[in-house]
Amino acid sequence: MAEKIELPVDRYFDPDPKQKEIAQHLYQQVASKPLVCPHGHVDPKMFADPDYQFGTPADLLLIPDHYIFRMLYSQGIELERLGIQRLNGEPVESDHRKVWQIFAENFYLFRGTPTGMWLTHELYDVFGVDEKLSGDNAQKIYDQISVSLTQPEFRPRRLFERFNIEVLATTDAANDPLVHHRAIRESGWKGRVVPTFRPDGIVNIDRPDWGENIRALGEVCGYEINSYRRLIEALENRRAYFKAMGATATDHAALTPFTCELSNEEAETIFQYALKGTAAGDDARRFTGHLLIENARMSIGDGLVMQLHPGSHRNHNQLIYERFGTDKGCDIPIPVEYTRNLMPLLRKYGNDSRLTLILFTIDETTYSRELAPLAGHYPALKLGPPWWFNDSLNGMRRYRDEVMETAGLYNTVGFNDDTRAFPSIPARHDLARRVDANWIAGLVVRGIVDLEDAEEMIDDTAYGLAKRAYKFE
Amino acid sequence: MAEKIELPVDRYFDPDPKQKEIAQHLYQQVASKPLVCPHGHVDPKMFADPDYQFGTPADLLLIPDHYIFRMLYSQGIELERLGIQRLNGEPVESDHRKVWQIFAENFYLFRGTPTGMWLTHELYDVFGVDEKLSGDNAQKIYDQISVSLTQPEFRPRRLFERFNIEVLATTDAANDPLVHHRAIRESGWKGRVVPTFRPDGIVNIDRPDWGENIRALGEVCGYEINSYRRLIEALENRRAYFKAMGATATDHAALTPFTCELSNEEAETIFQYALKGTAAGDDARRFTGHLLIENARMSIGDGLVMQLHPGSHRNHNQLIYERFGTDKGCDIPIPVEYTRNLMPLLRKYGNDSRLTLILFTIDETTYSRELAPLAGHYPALKLGPPWWFNDSLNGMRRYRDEVMETAGLYNTVGFNDDTRAFPSIPARHDLARRVDANWIAGLVVRGIVDLEDAEEMIDDTAYGLAKRAYKFE
Amino acid sequence: MAEKIELPVDRYFDPDPKQKEIAQHLYQQVASKPLVCPHGHVDPKMFADPDYQFGTPADLLLIPDHYIFRMLYSQGIELERLGIQRLNGEPVESDHRKVWQIFAENFYLFRGTPTGMWLTHELYDVFGVDEKLSGDNAQKIYDQISVSLTQPEFRPRRLFERFNIEVLATTDAANDPLVHHRAIRESGWKGRVVPTFRPDGIVNIDRPDWGENIRALGEVCGYEINSYRRLIEALENRRAYFKAMGATATDHAALTPFTCELSNEEAETIFQYALKGTAAGDDARRFTGHLLIENARMSIGDGLVMQLHPGSHRNHNQLIYERFGTDKGCDIPIPVEYTRNLMPLLRKYGNDSRLTLILFTIDETTYSRELAPLAGHYPALKLGPPWWFNDSLNGMRRYRDEVMETAGLYNTVGFNDDTRAFPSIPARHDLARRVDANWIAGLVVRGIVDLEDAEEMIDDTAYGLAKRAYKFE
């Protein structure tokens, strides 16, 4: 029989007893604060329907989580065996007990990874699993989770309340009619779930689905988007609609943070090329770069906080992309340059305190070289927390190490969980709060800040910074 | 009433008791050694005039220090409100009590930053301020500093002696007549203040002020600089003059460390284009790259140590530059490549032990990849300490971590404070000595070096390396 | 008289007593496990001849080790004074006592470097030297080592057995007839020494010695390599021969990891240009990039593990290269990009679990940005240990820190010593095992893995991963 596990109360803290004691003190101060979740990818549908059910343990924990199945795939386990649907509808493993068994047998692969830490916490704290998952106990634990999932207290709204979530932002395409968000608001349920305006499908004219997105945008706006002027109008209208539905922010992904300003004539010309499918050369890059500047302008007008996430080479693995689609764990980072790429946008709007532009990176070399110096100067700039592959214990430590001395804590925006995996949210915030408590305790034991300052700092990292930066007051 | 603070005697040391004990031992060994300041930007005027006064606390501590006001600006506080002069002479805040109040109210922004650590030390140690600066005690502390500044013991020469500075190098344009340095030497005062030869304004033909600089160089040399040959002659003359005034080093800033050798004919052609204002394309980059090689040649001749500081994109924020001028906290680093860029210079002079070329970087990715391997091979190369944004507790730790194993301690040159803020000099050296003591103690507790070696190493990092590398024997 | 030294039993462990205790426990578990050496540059000749002698202490320890003499050279000590042979046969220092004296007087340069740690261990453990090497005791220690080297137990085969080496792979050119490997196999000696297939001289058509290598390849194959088809045939034949001689792997160096697929016609055309000496422009890069893909294809066929080591700018110092030849400590890293460069190879073979492609880097910026995300996804990819300048205590720590959370331990391949310096092998493995034990202990004290997992992990890092990845079962 497997040994019972417990989550160590001092987990993730450095071993020095004095630092650990202070870290524990700081952590306790914020451990039960509400969770502010300003950026993520949870499906709002689960809150629109009060009776929404999560399906099997594999449906809930494994199949939607590319962090997990990419690791299994890297060891030669086909995605079909993990129940990931193929685009062409060919059969994949449908026995979720078998899928779960494979996962459990390979759970050792996650040793030392954030996914392993989150899962261990989540299984223990949300589902009461007090054994280390393995091939031996896989089916027993499957049963245990399955039983939980039938209970009313495992409906998403109930978990939302149990998790003490103060606000949860989803991410939604510019042409999304936000029917689930509307349903949530109309349902009378008090949970605060808000959309985020993401216009990537509209501003990137080189996407295969761009034409389709433009048509869909026209439909949701009620007029055809047949000119650049109409496009700008449509973006402004949709931003207003998102804001009316509770949004406080926009989100922009781009291959690079290249920005450049076009004249209206140039922008119109490229847009017409794009409609005809004849855009070429640098057109797409320049158009996207221009629309980043335009969105900054709109943000100054409507107050929506602007987020920028560059640097991911999407769908690097063609075979997986063609067989299974996007978001299957095969997006790979590339080197990114911010200093020169952002200069046109910053020269135009970087000095305007009404703009909040939050920058993210998966190229850590930019932390101390570019991002911290930029954020420590421009009033409009703030830095987002460590993103994606760097949303981890060591990744957070490196971020604090390389960013804080130059940017200062108050040019950063606290934590976000950026997750599709709803029940992992408390685990993710808990890890971040512990790592931050440990970091601040490290400053205290080195005589860099005193305990009074430390107590204010942990409140801000755990709660205040995110709430203020994303205007959730 | 605010609580009294003290500077913790074990500040900046790691918390492990054994490491801390050794760090304390090593630090004590060098805590009162004289300060060697081979690179910085203190104004020599303050030592030329024995009665020089610093002005108000804001004049002394805030207005000249872009590390400080960039952080305040990043939070939306206009530079005008901080008393920073506008180029067009329009009025800015002239009540320095108000400026100081804003600074004090926002002093929490500097938590965990080197600026915060230096200021806390400086206020405590130089001015006897034993409270944490805040909005509440701002005016009281302003009074306290103001009173100090009227005292004779707060004249720059007296502080120079109190700080136990053995030598202080300033940085001076190639065409600077060095009147203050001459006055210092002629005054009979024993403080060693020496110039550093910085020909950037002369060798970068694409600077807006280049023509003016060339004319000024001609004036100070007594002949018109109308040919490349004359330029070389003028540089050699000025180097000789600087050397006669005590200089032991030159300093070179460049956007990149690109070097390339031109024939005399090519150099002359580009120089004539520059005089006519028709230099174009790659001319400026090649000319600068060539003059870096020429300066290395001159260094072999006259023995002046050569320093190279590439990688800063100057005046990134056009609005601030146009309104307030240079050095206003809006220089932002860019990625830098050394391996190939320096090859022409190193092939020509890198094997010559008579040359000392000290490299600096603000792109930390080059530490382990390029700079340490280069310095661990070429006799002419040494590495400067962590520069600018990286002159910080964590920045120094990363530098030691990434450089020392490959370059070895003896291919580095100790610490320099690189500051305009004269009264912060002891705080900066103290932080560096503590961080180095802690680093070496970390080697001792890991059994990597023994205590005998450690004691030699701390002497070298705190004093010997800088003194020998910059030839201050 | 110099003080006696001992190697601290807890060396290289972090100072926290709890972490140190666990690290010690984990280290003890693997301290005496056999050494698996899957990648290195030891000369197989020393095992072919049972009576092979190492020569003088300088012959053994200094002259073949560019890690050592590059550091001495960086401080202005000419290579001639260290007994390094000049290509033109001009005399160099031949009195090895004098060479040794210089080395000993400058041994302090190696403080805190891996070379210093390895040498200290090696002198103590292999030769019984229990004093810190210095100018004073240089000749006494020279005598002590010289005496040892005359003893039968210091023949290479005896040391191989004493070191408990389970398998040692050498690195051998594609056209090498492997006479020493054959002699070893035919000698009846049980030591497992195997070749590694390295076709760099053949696939890089821009090397000065390419024509010569192609002729040599033709000779060893028994037919002229006059077409691309013949080249492919020859490579396949040689791989088969290497495999028959015990090889389990191939090794590929390249300036960049650029890959691209050529048609047979394009490949043939470039090959014919190369034979005529008229290859130009991008030909060499594309041909090499194509042959990397071809070698991946061959690996799927014959099962040889493929290693790729990009990013070293060879022979950066022209003077040293022309005077002393290759591998003289003047290879300098350059920035490397993997995400896009490897895409053609990975799209073709990255999903094939029959391929094992082990990637190395000396550009650490790629750890968290590119290599860990790639290895955490593609079934064919694994990551090699920290390479060259990063094969060090801090380098290993950074690797674990930046790689493990995303790639997971099981997409890495354990340690290799990559050395020419045969008697340093135990010291290198010992350091790696200690650093790994300390890393895993750090996970335990932070509650990230439990002791049961930790014990499995240290077995894998010290032994199992290398053995399995390189198919030494």
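Every chain is named by a letter (A, B and C) in the order it is written, and numbering of its residues begins at 1.
Criterion: a contact is a pair of C-beta atoms (placed from the backbone, for glycine too) under 8 Å apart; a residue touches a chain by one contact, two chains touch by 3 or more.
Being a predicted model, the structure only gives us computed values, none of them experimental.
**Q** Indicate whether more than half of the residue numbers at the subunit B-subunit C interface occur in both copies; give same if so and different if not.
**A** Different; most numbers are used by only one of subunit B and subunit C.
**Q** For the sequence-identical pair subunit A and subunit B, determine the rotation angle of the Cα superposition and round it to the nearest 5 degrees.
**A** Going from subunit A to subunit B via C-alpha fit gives 120 degrees.
**Q** Compute the distance, rounded to whole Å, between the mean C-alpha positions of subunit B and subunit C.
**A** 40
**Q** Can you tell me which residues of subunit B touch two or more of the remaining chains?
**A** In subunit B, 16, 365 touch at least two other chains.
**Q** Taking the complex as given, what residues does subunit A use to touch subunit C?
**A** Those residues of subunit A that touch subunit C are 5, 7-8, 10-16, 70-71, 73-76, 108-114, 116-117, 132, 313, 316-320, 329-330, 332-335, 362-365, 389-390, 392-395, 398.
**Q** Could you pull out which subunit C residues touch subunit A in their complex?
**A** So the residues of subunit C in touch with subunit A come to 16, 18-19, 337, 339-340, 343, 346-347, 350-351, 353, 365, 368-370, 372-379, 381, 401-402, 404-411, 442-443, 445-450, 453, 456-457.
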